[in-house]
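As written, the chain order gives the labels A, B and C, with residue 1 at the start of each chain.
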Amino acid sequence: MKSFKGRDIIDINDFSKEELLFILKTAKKFDPAFVKKDRSNYTLAQGKIAAVLFFEQSTRTEQSFRSAAQKIGMGIIGFNDPESTSIHKGESFSDTIRIMDSYADVLIIRHPRAGAAKEAADVAQIPVINAGDGPNQHPTQTMLDLYTMMKEAGPAPDGARAGKLDGITVALMGDLKYGRTVHALSIALSHFNVKQIFISHPSLAMPDEYLKILKEKKREFKVWDKLPEDLKGVDFLYQTRVQKERFINLSQYKKIKDKFILDASFKEYLDKGVKLMHPLPRVNEMDSSLDAHPNAIYFQQARNGLYIREALLSLVLGRL
Amino acid sequence: MKSFKGRDIIDINDFSKEELLFILKTAKKFDPAFVKKDRSNYTLAQGKIAAVLFFEQSTRTEQSFRSAAQKIGMGIIGFNDPESTSIHKGESFSDTIRIMDSYADVLIIRHPRAGAAKEAADVAQIPVINAGDGPNQHPTQTMLDLYTMMKEAGPAPDGARAGKLDGITVALMGDLKYGRTVHALSIALSHFNVKQIFISHPSLAMPDEYLKILKEKKREFKVWDKLPEDLKGVDFLYQTRVQKERFINLSQYKKIKDKFILDASFKEYLDKGVKLMHPLPRVNEMDSSLDAHPNAIYFQQARNGLYIREALLSLVLGRL
Amino acid sequence: MKSFKGRDIIDINDFSKEELLFILKTAKKFDPAFVKKDRSNYTLAQGKIAAVLFFEQSTRTEQSFRSAAQKIGMGIIGFNDPESTSIHKGESFSDTIRIMDSYADVLIIRHPRAGAAKEAADVAQIPVINAGDGPNQHPTQTMLDLYTMMKEAGPAPDGARAGKLDGITVALMGDLKYGRTVHALSIALSHFNVKQIFISHPSLAMPDEYLKILKEKKREFKVWDKLPEDLKGVDFLYQTRVQKERFINLSQYKKIKDKFILDASFKEYLDKGVKLMHPLPRVNEMDSSLDAHPNAIYFQQARNGLYIREALLSLVLGRL
């Protein structure tokens, strides 16, 4: 396995199954569920600087990275409003990246343009972490989703499955056509013996290219156009928002957005053991009465993002 | 006395006299006036994260909290422009709080709506500190005001009073009707044997409900409609700004705003020992020629906010 | 030499040759080119707070100061959008400075008005560092330029000159009339036995007052109105942007801005050993094909700003 020191984290497809498992295992070192409380991670990267460059706003991802970096002792520079940068003086993207490269030890970049993170990695000498490049990739989201499933997978009837991805069933629901999150997650899950179920309105169905990958890898999957009365055997239902900002046709958005919403009656499924995940933010995809249920695990999922990001930052800085 | 570890700091009325005194005593541990210079407070909360969530702007309070948190070793996440958060994607207030709750160890919240800090505390698992919720509460301001009076109280004629609140006389002046600061301060001072004097235009007089509290507690107070020629016996004159943003009727604002301004002649009172306080920011409430006088203590007062906030953060994190 | 502890860094002219050399020497302690990798600078100023007050935006300078301060362990408060400060409530500049003074241990100020940094230093009790006050001064830029030249000066024919400023030849090009950067650099270089060459369109020529200083100090200099075919003997060509924001007459700006641009053919000069510097940001002053050349050192120059700023912060805090 290639060393992680100095590596760029751009695309989930750049990582082998072995590497993904290594990252998940490393994240456990930062998770109080697995380690003693007083472990002093805050000395790991003292004196190191993370440049957090958000060319579009994404509160949750930005705050999670800022928290993770500081939890391992790093300082933070950067911006979340590209209007406030030298770009308004006509500076090029690559000059901005090179300058930040010279002031920091790792770059964390969010950009509305697919490919921007890779471009940044090409000019930067320090490691670059992609925090989302438009409709393309958001690898740390995928990793925290995998981590959450691995951590929360209950024991199988034979008692052998707890804490493993192999053997689980994951249903992905909502916007499967435009949803970057579910595309990357599906591919990442295809490394494992995971059964995938795709639930959406036909106009937002999972694109064929992703189903083809599952066929090639001989992974079991199903395509449903509605939530069935029985979710028996489903370990995780991964709900996603129908994102207004990805639609060109607003009237189509309005027709579809309220389908596949989970109302209070979904509690019945949670009671039966289905665990509900969501990348957040959400608008009205789930009834808030579900939040209190122990199998509604989206806020734990968000918190797991901290451990993944602490792990990745430590790894690319060579501090583990 | 209830432990401070994990407690929310929402309302000054939640704290007993004993608890207030404990907080003031703890603040002294962070004040160079009382402790040796090299005390290393910056290790107290290393690895901990403060989420500083300002849903309205308040430079001074925000910067003071950020300074205090970092002085005890904390990292900082958060925002001061709610437009830049996921709220613009339609996310609810409680979801924003829960997410920040999952990324941080303490939440510091400023919000224009009364009750918002309490709402945040209800959904957050980590301690919440109210940094001002509209016209309602701003408990750390009140605590730093008490701390300043305790610290700066000179010896009484019998030499027994220095460093104590009991026995002092405090005059509150300016906007006593809408002024959240003076309302909370009056209540907090009512725990102590403090004589209170209320000086304002009748249309901005101290509301009866606060006078009633003083009557019930048998505290001495006076109501004046102008600054008298003699302030003999007054230890602290607490001047406040007539806040334009609290007025609905702008013509009334314009008539009143320039009354009760302290001009250069107030130096005479300062010379006689009256100490002048102000919560800041100020516009034209005092003549700037007064600033250099040793009894004009508003900038020391602001600095005392650091010690109160370092103390509170350390206490609610259980690090003292 | 006056101690640096507590000193304000306002104007490059406040520093003697001896003091400048001391600062450059101190900066080497923070430069991995000169010290062992693992030197733990991050403990130097732990618990200290830098207030980074940018009354106008300057991404690069702000980020460099923030990085430097955190690299020596400091916390950061401040703002880069004066609209977001209490100034919009009518607060005076000096009150804002005094409040920040009470929350921090050093102030770093950027302001569009010449003289603002000095005004801040007059009211602040803690050290103030000028990060640019309009058309006036930006002393840390000048220091990092000197540092870069000292560090990158190659050996003279007699082998005695490497790492020294004395004996080098520096050509300054672009906007020499309005360019604050080149004015301050010329004066700073005049402390040393440096030959200066001024290359510009006559309408943007170096003002006489700066040439006069060189004459008084008996320093050799030349004034050219174009880039000659031979730059023999020139060690550094310092290119600057013709800054649109300094022009009142836009049609004059448009006529001049594309003169004195370095195209791909400048590689020939670089090959012959001329080192190319630029304060950045740049727009189209150099062809990007030059960037890869080892003698195009503007990004190293930017990085050197970190070491200068770490050195200055440590010095004024008395931590070295």
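Everything below uses one rule, namely that a contact is a pair of C-beta atoms (placed from the backbone, for glycine too) under 8 Å apart; a residue touches a chain by one contact, two chains touch by 3 or more.
Everything numeric here is computed off the predicted structure, so don't read it as measured data.
Asks: Could you tell me the least number of steps, going only between chains that touch, from chain B to chain C?
Replies: 1
Asks: Determine whether chain A and chain B, two copies of the same sequence, contact each other through the same residue numbers or different ones, counting it as same when over half of the numbers at the interface appear on both sides.
Replies: Under half of the interface numbering overlaps between copies: different.
Asks: How many angstrom lie between the CA centroids of chain A and chain B, rounded to a whole number?
Replies: That pair's centroid distance is 41 Å.
Asks: Could you list the positions in chain C whose residues touch two or more of the other chains?
Replies: none
Asks: What does chain C use to touch chain A in their complex?
Replies: Within the complex, chain C contacts chain A at residues 40-42, 57-60, 63-64, 66-67, 69-71, 73, 80-81, 280-284, 288, 299-300, 302-303, 306.
Asks: Please give the residue numbers of chain A that touch chain C in the complex, ascending.
Replies: 46-47, 49, 51, 75-79, 84-86, 89-92, 94-96, 98-104
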